[in-house]
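Chain nomenclature is as follows: A, B, C and D, assigned in order of appearance, with residue numbering initiated at 1 for each chain independently.
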Amino acid sequence: MISFQCDYMEGAHPALLKRLVETNLEQTVGYGEDPYCRAAKEKIRAACGCPEAEIYFLVGGTQTNAAVIKAFLRPFQGVLAADSGHINVHEAGAIEAGGHKVLTLPQREGKLEAETLETYLQAFFKDESHSHMVCPGMVYLSHPTEYGTLYTKQELTGIKRVCSAYGLPLFLDGARLGYGLAADGTDLTLPEIAALCDAFSIGATKVGALFGEAAVFPKGAPAGFFTLMKQQGAVLAKGRLLGLQFDTLFTDGLYLEISRHAISMAQRLKEILKKNGCLLWVDSPTNQQFVILKKEMRERLSGKVGYEVWQELQDGGAVARFAVSWATQEADLQALEQALA
Amino acid sequence: MISFQCDYMEGAHPALLKRLVETNLEQTVGYGEDPYCRAAKEKIRAACGCPEAEIYFLVGGTQTNAAVIKAFLRPFQGVLAADSGHINVHEAGAIEAGGHKVLTLPQREGKLEAETLETYLQAFFKDESHSHMVCPGMVYLSHPTEYGTLYTKQELTGIKRVCSAYGLPLFLDGARLGYGLAADGTDLTLPEIAALCDAFSIGATKVGALFGEAAVFPKGAPAGFFTLMKQQGAVLAKGRLLGLQFDTLFTDGLYLEISRHAISMAQRLKEILKKNGCLLWVDSPTNQQFVILKKEMRERLSGKVGYEVWQELQDGGAVARFAVSWATQEADLQALEQALA
Amino acid sequence: MISFQCDYMEGAHPALLKRLVETNLEQTVGYGEDPYCRAAKEKIRAACGCPEAEIYFLVGGTQTNAAVIKAFLRPFQGVLAADSGHINVHEAGAIEAGGHKVLTLPQREGKLEAETLETYLQAFFKDESHSHMVCPGMVYLSHPTEYGTLYTKQELTGIKRVCSAYGLPLFLDGARLGYGLAADGTDLTLPEIAALCDAFSIGATKVGALFGEAAVFPKGAPAGFFTLMKQQGAVLAKGRLLGLQFDTLFTDGLYLEISRHAISMAQRLKEILKKNGCLLWVDSPTNQQFVILKKEMRERLSGKVGYEVWQELQDGGAVARFAVSWATQEADLQALEQALA
Amino acid sequence: MISFQCDYMEGAHPALLKRLVETNLEQTVGYGEDPYCRAAKEKIRAACGCPEAEIYFLVGGTQTNAAVIKAFLRPFQGVLAADSGHINVHEAGAIEAGGHKVLTLPQREGKLEAETLETYLQAFFKDESHSHMVCPGMVYLSHPTEYGTLYTKQELTGIKRVCSAYGLPLFLDGARLGYGLAADGTDLTLPEIAALCDAFSIGATKVGALFGEAAVFPKGAPAGFFTLMKQQGAVLAKGRLLGLQFDTLFTDGLYLEISRHAISMAQRLKEILKKNGCLLWVDSPTNQQFVILKKEMRERLSGKVGYEVWQELQDGGAVARFAVSWATQEADLQALEQALA
């Protein structure tokens, strides 16, 4: 059985695994102070066009979001996010466990809009009782969003403008950033993201690595960030495992190359589904595709092709999420095509 | 240059890496629900003689300690630990970040004594103002301790007796558990530890794996432990990486076998150091050796052999920690011998 | 100028102040262990028809809510509340500062409905990824609500039924409980609230006292509650000040008597406003009245009568909150009537 | 029976109660925005010689310490305190509940010494693994200390010098500050404390008020301090009760006057105890006296005079704490004298 259930079902891209094997018995110091981490950081800085960026490597997304947000906020502040944001829904209350409220705003296809943000902030500071309320202290976005959609350069610039007007740091969660950068028609590049954000993450867990997120602070990290990571249990003893993987991903453009492969697979998958009569639930340009599967199609796929049921529908149908990744092969799509036929 | 600075300078035991490579492109579900995690848990249950144990796999020690302790404590409680305990010194305040005080007690060579514990508890509950103080809610031990020493079965039984009398769960941090189980003369086995503790961890990061700690709850885990792990950022998306490594370590006794190798290396190292005139700072039966290095010896080792300076001494000497591991080779010891000669 | 801005603009009912003065130079032990606290607790138990209830006195509402909720929840859990609930809006993130998410549900005129709650809980536990989400661990209601509305006995019983089905403790925030108990037509009494809730508060700050909330646990308090109160800074050194005030309020039915007075003032106020052409925004049977004030009426009241602007409307009008209390006098209403004329 | 058990056994100084009674039915806005709070702040600023100071009124000491410390620290930091410090012992883990470790240092008669502090800080930042440890982020002192002792101007200046060298804010807990300022021979005045500290509290609960602590920030308060107070449940709805009491205490020097009375009572009490053969356990110049009571003396006092047993001694004796206050009368001392005779 082939599964499109999520984009973290395989191990790592072979090039990464190869380097782990080759260097396995080398001795290095721990906690990210090794030469591989240093080299990886240099390559990421170069890819971001941001030689001053401070970069830390963490294992997973929840701990990255929790550490970055805790580092920026003061105790009386909360973080603004789309109500569909990962930190609000699927991270088990990690932000609140750190003492901060997630202040939710309505979104459109997973995207927060500058106007929504501005309207909220204006109303908040006009409210006479606002000092009795959690003060917005930063803005969190996902790119791609939880629905696979992407901000345009104009949209992100608009949000940044509002953030600047209110003195709020902007943090972009890039758990699937590669698939955003490689999408057709996107006009947001790594250097532009680095120029617009105060912090962002470059996810590797879903883009070729065994695990790993790079937290990038283009203007420098908040004081004590390493210690905060340690406190959150987010420092890997054998830090070089992260360095080696990121170094490989950012050598000769591998991160983008494997992302582009996934995007082309996703476009093919979308066509297959559409050709078989599926309506798109969201029109996603990235590696996650959300479609409406009728009951009959679910039956045809049953036992042959896996996907994630996003939402059950009344007639036995479902909103389904199909995720492809760097590891998806043409043969997987053919299997899907056959099952649907 | 050879380094004995710590026991996490290399990657993984080749047998583990081999399995990661072999299974790399298999698809499995995430978050530890895969067959490899299930198999690994079965083998650990068998090794512990504890078929009812609940087991969770985490990436690192700090997050394991933080999650286990937070799961057991109520908000008005703190955790009792030796003042030298890892949670009190080198985890950046992870327990306090979770809202709980580490209540420290004096120790002897890193070991908490049942009598110390009992005296404290008696005095605490006799104190008329104790309801204004943090209430002791569980006991934390390390085995081996931070000084490489080991509890005897009698000592651990004594501590358990006090814990039971006061209704306190007992948690044993086994970040280097293998090296404790394999030590010469120890009378504490995995099944005995499982019988005496409410929770303990089996560390793999320092005993053959790329990373990984198994949190074992012989009598069942506290409610919601998985969600708490997720909240702490301690759930690995590709959970099978942990399952595969633990499954391999607990197949055909590999965990103990490589631990025994390290112990024999440690004993050889100890002899070499003693033969060259070093005094033992602590007499450790495990993989970490603490000795007093005179200034002259430090000069001889300089640039050739690495170790950790535990404490600078006034005359240019130092208390030094030498750590060996599953990866240490006879050749490493010869290099040390030569450097000292 | 007369103000109806809120219900805590004056000091205490004279009978309470008199007792504070009379006992001022007596010596008592601190922290609520004094005879006045004991006596007050007995009287509250009697009024609740609940001789087994455990009762603690705290100074304010935010600290009461924070301590009660923290005492019931485990770290992986959150508290369910109407999105208009005080803990979600006007307590500056106190619940999140304690590590827990406020899980919000839609409401009707401030009231959570049993069906809304049940639908949410069914969906939550059916969701396959629910172990990655904050687990609902208790239910919070306000009675009267933030809009002055009241639950009926049937409604509260319905909510309790859902809570019981899912094993969730039910906590009722009674910051203005007196005004709910004294309202015309309510069928919820103190004994019934005590029978249906696992915890509730009896607010005195807004009902005759200088300050004070009684946290009542009909089936016993969570372990360590006093220590948790202390940790939250919610224990008053001179605890008798709370005991004396509650003892007086619960002697000869003073709490209900002064609440009834406020209710009759509120009904008169409502009539005056309606007579002068105001539309009710919510039809509140308690001491807070929400009406729509047109621009012209705001001008007439300006400088003469104070109220709280709840929401600005587009035409210069506003939703206004008028609050009366135990301290409101007939003369105050006459002043309002004159100003409006 | 007369009791010297603590200094918060009575209500308030009659002058304060009188003002509460006189203003009882006035209407004011809540939360400390009233004219009485404003007036009190002006008088405190004048008494501190510090016209720029920002001042907030809180109800109790634990909440004041918790809010001030949380406001200054970043998540990776802890607070340095003497191991006997109130925040470390008798506040039920309030600082840890806020996420921060209390980093304890040895003390002499309750006093932290500049040299101890400096030695610790030098060693901390020299330690190569310090980024894995809780970073010292501020210094907490009590004045008077928990043993009734006082810092001299030179000592406090020395501590301030070390704080400045390491960029650490200095916070002085003045729960009994009046008794420190009024002590014979002290050379620390309010203006000097304001000049040396980044924050300090002026306690009123034990010095004439029903309750109340003023948090004074001579160089301005950390951002969002009011919201943080609210979050901690430390904002009193009827804030004027605090304003009225502090305004009265700082009118015509009442705070110092009643403190001086207590000091003269304490000196008389000390003489009585010494005359009757008690040894001083600490030689305290303030309102708390610590003496060694032999068994026989305890028997004579039994049922006649109360005190706090600080520590039981082996022969049936005890270290006893006798506390006097603004409310202690000559007759109380005579009763003690008679009982001892």
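Worth pointing out:
In this section, a residue touches a chain if its C-beta (ideal position, glycine included) is under 8 Å from a C-beta of that chain, and two chains touch if they have at least 3 such contacts.
All values reported here derive from a predicted model rather than from experimental measurement.
Listing every chain that touches chain A and chain D alike gives B, C.
Of the two chain pairs shown, C-D and B-D, the one joined by more C-beta contacts is C-D.
Here the spacing of chain B and chain C, counted between their Cα centres, is 49 Å. Averaged C-alpha coordinates put the centre of chain B at 42 Å from the centre of chain D.
One finds 33 Å separating the Cα centroids of chain C and chain D. Contacts with at least two other chains are made by residues 75-76, 91-93, 97-99, 132-134, 227-228, 230-231, 235 of chain B. Only residues 31, 70-71, 74-77, 98-99, 131-135, 222-228, 230-231 of chain A touch chain D when the two sit together in their complex.
Against chain D, in their complex, chain C makes its touches with residues 2-3, 5-6, 8-12, 14, 17, 20-21, 23-30, 59-64, 66-67, 91-94, 97-98, 205-206, 210-211, 227-228, 230-238, 241, 327.
On the side of chain B, the complex with chain D involves touching residues 75-76, 78, 89-93, 95-97, 99-102, 128-129, 132-134, 309.
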